[in-house]
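Accompanying notes for the structure given below.
Going by the order they are written in, the chains are A, B, C, D and E; count residues from 1 in each one.
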Amino acid sequence: MPFGQLLIEGLAMGACYGLFGLAVVIIYRTSEVINFAAGTMAVFSTYIAFHMITFYGHPFWLAFLFALIFAALLGMFVEFFFLRPAKNPTLLGLIVITIGVQLLFGGLVCWKWTADQQAFTIPFSYQVIYEPLPGVFMSQWAVAVFVIAAVIVTLLFFFFKYTKLGTAMRATQQNKHAAKIVGIKTDRIFAFSWAFSSVIGVTSAMLISSRTILDPEFMMEPFLRAFAAAVLGGLMSVPGVLLGGGIMGLIENFFGYAMPAWKPITAFVVIVLVLCVRPSGLFAKHYVKKV
Amino acid sequence: MDMKRDYYEDIELFSSGTILFWTVVLLVALFAAPLILSNYHAYLFNLIMVHVIVAVGLNILVGSTGQIALGHAGFFAIGAYATVLLMTELSIPFFAALIIAAFIAAFFGFILGLPALRLEGPYLAIATLAFGLAIMHIIGHVELFGGRQGLMAPALNIGIPQLGLDWEICSEKGKYYLILSITILMTLFAVNILKTKAGRAFVAIRDSDIAAEVIGINLTIYKTLAFAVSAFYAGVAGGLFAFVLGFFDPFTFHLILSIIFLVMVVVGGLGSVMGSITGAVLITYLMYDLFKNVDEIPVVGDLMVAVSEQWLTVTGMDNFSMIGLGLVMIGIIIFEPLGIFGAWIRVKKYWKTWPF
Amino acid sequence: MAYFSIENLSISFGGLKAVNNISFNVEKNEIFSIIGPNGSGKTTIFNLISGIYHPDAGAIHMEGENLVGKSPDRVARKGIARTFQNIELFANATVMDNLMLGRHIHMKTGIFGGAFMFGKRSPAAREEVKHRERVERIIDFLELQSVRDQFVGSLAYGKRKLVEVGRALALEPKVMLMDEPSAGMNTEEKDDLTIWIGDIREDYGVTILLIEHDMNMIMGISDHVFAMNQGEKITLGTPAEVQKHPEVVKAYLGEEVIS
Amino acid sequence: MLKVNNIETWYDLIRALHGISFTITQGDVVALLGSNGAGKTTTLKTIMRLFYDLKEEQPEKGSIEFLGERIDRKATDEIVKMGIGYVPEGREVFPELTVLENITIGAYTRRDKAGVKSDLENVFYHFPILKSRKNQQAGLMSGGEQQMLAIGRALMSRPKLLMLDEPSLGLSPILTQEIFTIVKNINEKDGVTILLVEQNVNMALKYSHFAYLLENGRIVRADKPEVLREDEDIKEFYLGIATEQSVKGYKRYRRKVRFR
Amino acid sequence: MNVKKVLMVLLVPLLVLVFSTVDGAAQKQRGFDDKEIRVGQWGPQSGPAAAWGAVARGSELLFDMVNEEGGIHGRQIKYFIRDDQYNPSQTMAGVRDLVDRQDVFAFVGGVGTACGLAVQNYLRQNKIIWIGVCTGARDFQNNPWLWQMWPDYFDEGAILTKHAVENMGFKKIAYLYQNDDWGADAMDGVKAVLKKNNLELLDAIPVEPTERDLSSQVSRLQATGAEAVIGIMAPTQAAIALRTAVSLGFKPQWLHSYNLCDFGMMSHITDGLWAKEGVMTAAFTPPIDADTPLMNKYREAAARLAPDERWGIFYLAGVVVAEPLVWALKEVGPNLSREAVRDALNSVTNRQGVGPVLTWTEDNHMPPRKLQVWQCGPNMETIVVQDWIENDLPRP
């Protein structure tokens, strides 16, 4: 078993899942909604970058920047037009709205760019290979994934810890009512967290896409894994989600190596087993309702 | 309000003459429908009714007991596969096979209910989702189940061949009557269950599980029971679905189907049987009929093609059906968080109080 | 042996001793009040009795049977009903259904029986009607007729408290635990409640354990009062005795008490 | 200073406030009294415009003026900016933020750094215990400390009017006493007007300059505490000065009704 | 009250009795009139498998061309596409809609084994002409109304392996396949050829059709030390597998299924690796960029009639499956009937349009067993490394 190889590949893919899991968690924590549209929204933004590069010939970084801005606007758009107008919604109602959003954007993307597969290239190529240890290959892409994941997590840490907006976001997450009372525009915080989630989502999606392929469905499976990773991490802390993603990637790769036929479900089965032991994921306390 | 003279009248199936009247009208209409329906519509109705059974069952779990379930396509698959395999491999008569299959599904529901005792919200969502994926995957890997290839349903013989009682239903409309009767029966069962001890216990668990416990409701039993009942419904529906379609493969029971089931229940209205029926009807109709083939509608079609040529692509135009479905879902929840049933209650209230 | 007794009950949460070595006996058909400031562990005792928490040490006996280790629903089946401090009703069900839920342990309808409730003579329907009669009597008793078919979520606070009492009563309990039943009621409702509690004891022969802050009520109806603070016993005695106990005055009543 | 004029608030189809009017004069401590469900908290929430989750704008009728400006259609954060601080019922602190973060977030709407700093000192002056615990997670503190934290947080927005919703809820008499003393201090030393919602009528009457009594969403009495203390109804219903006799007599009446 | 109830109870079985005897009176269906012939096809135009939808649209091109030329014996072809999202129950709905309500004469193509199997019996019962179901699965035999064009997956696996082993001399062969009937059937072919050459298959690794991360599978292939990998999978997975292999420094000779013979597209979605690695594929049509009169004609028509469409292999496949129907319709003449078209199709002999050479008889509606093997050249051009070759091994 090429241990080092599987480790690196598993961790790299896991980091992508973890990043995307962050996108899920950020929204879950502010509005308690599992955003089933996360994948499709990221796909939409990636296609914007793709379109700029392919059809208008813009350089990657410009397109990247534009895609981030677009993603942020898209996130806010969804929050403002689809979630905010829903008054007194039930939790499941909100989930159904996100499913609706997923169908809506999935349809739009397919309509605009058709379902044909495309290639999306980022400056960090998977074709450039390093060999840190003999027989263990590590592509530039994997290096980039690790660096970007580390940078994003560090930035997030500082953002949440030391900035006013970050503190306000945490405050809103913990107690919406009290946040309103201290004068936080909670609506804006919601819109902002959607934008934020969408931006992180598209970053992760671009990394995944550049390694795999670009088509309107390419985030469906990663989304499920990211969601699972977030749940495994406990849906709470930023590092927890990334760790969850890493575990997810490793399980998939090692089990996938040992028994390829069962690869697609091993990670999910393991997660269910973990949840049976720790009902709130690995890194969160299990709260019991008080009477 | 008419006078009640007896406590039983409160729990009667048709608690007023008006309801009875309209139920009879609806039933007559349903039974007469095939006279004017094409085979295509009969198929669509069959599909709708199968979905109604799933939705009614799922609502017992999601709406009444308050558990989220993203793996119902798994039970649906178990029902379909078990029914067909019992009939072909063990030559068990249809009705027996259907019931046994439903119980097998219920058993799996019970199993899935066990982790659900400790999980909630997104954790439960992932657990049920994993169940659905696993079922689909396992079926795809076992030769007995036809593998990826899928299974062909045998002829629908609702008699008992062993006793020489053959009654084969070949036509779409024959199936329609069979499925309609079973759907009505299953719906009545659901209404009754929700009105009696178990149904109340389910609602109690949703509203306050601690209070439910201290009045003597055993959470373990009733939570798993809710899963089992709901899986039973999905199993029955699956068994019928096998014959509606005549052929199925593991991919038919994809996660998307589970999500669609959930959408039906939520759009229809959580916790109400009528709601799940309307939800299933609406969503199935939208998915299979309404938004399909916009390009063949006279004026609108040309407009759509023009729009597509101008800004989008003509090749992707069929995606309009997805967009339409998505928008309808969003619209219903935004304007009526309680689903179609909520809207119905509102209309009824308005009607009763009109013109005040 | 006493009808209902608690012996050396202790539980701690993360080092904090919420209930520390508490014992008391309750005789059949008595009203036994527990008083103490917030956070003194009164509700925890109730939670221990009803099986929501399991004690670190000690025993709970009722009619000679130890209840420790039993799950809440088993405890309920033994005949212990309770109400909650912050109402725990089934908000999306009608008052009727809430009370019928109180009959849960007495009903015999299974899921299949329920499913086949067709016609007046089906076993399920007969069972429903039978228990419905019982519930109607409770509705009569607590004067809930006007709200019978309303959803609990839309009721006024005081009414909801009553529904909770009714639900506990529908269980036909031998012992009833009432956690601050009068909190949030106005004086008129409190007076009614006081009378009903007395009636519950007399008409239904129920032993009542009561947590209350309203001293008027406690002094008016309890046979014995148990005072505690920070998980420890202060004193046990008749209302008059307890009221005068200096430590009780200091820890609970404060200076502001108006007699 | 604050003028509430005939407001009505609806929860969906249920009217919670049936036209409430009252005024608050600058520098006063005003108490809003009443039993549970009378509409006290609803009144405060309506003033803070915390009901825009509901379908329609609330209050549905009537007007609220603060410092001569209408605020009944303003957003909550603007109202905070104008100078109304609100300490909600049940001490809604941010459990996973530290004490210091909890306090400073109270100044979220403010931009003047120096002012915020001096206000922080002021909060620590009133609540020395918070200073000693400033790096602790707020959720781990006791109820009384959380109440102090919530008041401190509200003070950080430098309010002209501070609205306290049941500060004594769930606190021991000694702590209640302490909180009320501090509130009095804030009123006198910082010159903050205070609107106090209380069930503990005794305590509220002792510290307030004027009191309103709510019942079923209506104001039924409005007077100075001295006067209210002597009111027979208030004595009986809210101060608990009821004679044994009346209860017994009532009981007999009920019995009769039941035997009919 | 009771009377009402009794009545109701009686009513239901009565209704059942009355109506269950009534079977939908089948109206006479012809599928055509003097002005038009109605033809249908299903295909995933939206949803997860929408990339396959090009087949159905490709057929539309041919019918549009025919209509442009004035139709067939004065009749225009009216063509319907039903989007089924690759979901058999939707296929069934669409097909019933076409047959029952639109009165369709024939179906061409139709992507997906499961979708095809779901409607097979229905089409057969209704005697609908059906040409070229787009799958090589074996469950479509002995249907007198279905003519197959898609090569058997078994043959495909065999011919690819044969080329790898006998022409290129590889000894270490591994197999990466889509985990379904397609992959399983082709695996039989691979194994049969290897057995004939006294070789063992190093490893056979399944890929789920939805999977997007193939690093563990490719790592495992790498660990076997395979010189050549036979691949049976969809373009997405093939591209990902190749990309992953390159990023792991694993460079075997890839031999893929014919559905990947669109070298332009495959090179595009693999960042040119397809050309760089010289991937080989099977093929049963001429190359899409071939410079033959017919191909040029279609290509020009596509540019004119469907400017949105990419001229790719799936799109061409749509043309391929529609061609025999047009031949047969033309041959039958103005006196159209299902039986006449059937007979015309049964007598197709050694006829080639833009697709494979076809021969059908009354007893044999099987697809041709001949395939080519191509290699993707450095400039994405098609190099034919193995001309038409027939698999002579018996099917298991």
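What we mean here is this: contacts are C-beta pairs under 8 Å (C-beta built on N, C-alpha and C of every residue); 3 or more make two chains touch, one makes a residue touch a chain.
From a predicted model like this one, the values you see are computed outputs, not experimental measurements.
Comparing the centres of all chains, each the average of its CA atoms, the largest separation from chain B belongs to D. Just to note, of A-D and B-E, the chains joined by more C-beta pairs in contact are B-E. Mean C-alpha position of chain A lies 32 Å from that of chain B. Distance between chain B and chain D, defined via averaged C-alpha coordinates, is recorded as 50 Å. Centroids built from CA atoms put chain E at 73 Å from chain D. The set of chain C residues touching two or more other chains comprises 52, 84, 88. For chain B, the set of residues that touch two or more other chains comprises 141, 210, 313, 315-317, 319, 321-322. For chain E, the set of residues touching two or more other chains reads 46, 48, 50, 53-54, 179, 308. Residues of chain A touching chain E in their complex: 1-2, 5-6, 9-10, 13, 107, 110, 114-119, 121, 125-127, 129, 131, 137, 139, 141-142, 208, 211-218, 220-222, 252-257, 260-261, 263-264.
On the chain B side of its complex with chain C, the touching residues are 6-8, 10-13, 188-190, 192-193, 195-201, 203-204, 206-208, 210-219, 225, 229, 271. Within the complex, the chain B residues that touch chain E are 20, 24, 27-28, 31-32, 34-35, 37-40, 42-44, 47, 140-141, 147-150, 152, 171-174, 177, 181, 241, 244-249, 251-252, 256, 287-289, 292-293, 296, 309, 313-319, 321-322.
Against chain D, the residues of chain A that register as touching in their complex are 87-88, 164, 167-168, 170-171, 174-175, 177-185.
Contact residues of chain C toward chain B in the complex are 50-52, 71-73, 75-77, 81-82, 84, 88-93, 97, 100-102, 104-105, 107, 109-111, 113-118, 120, 124-125, 127-129, 132-133, 136, 167-168, 171.
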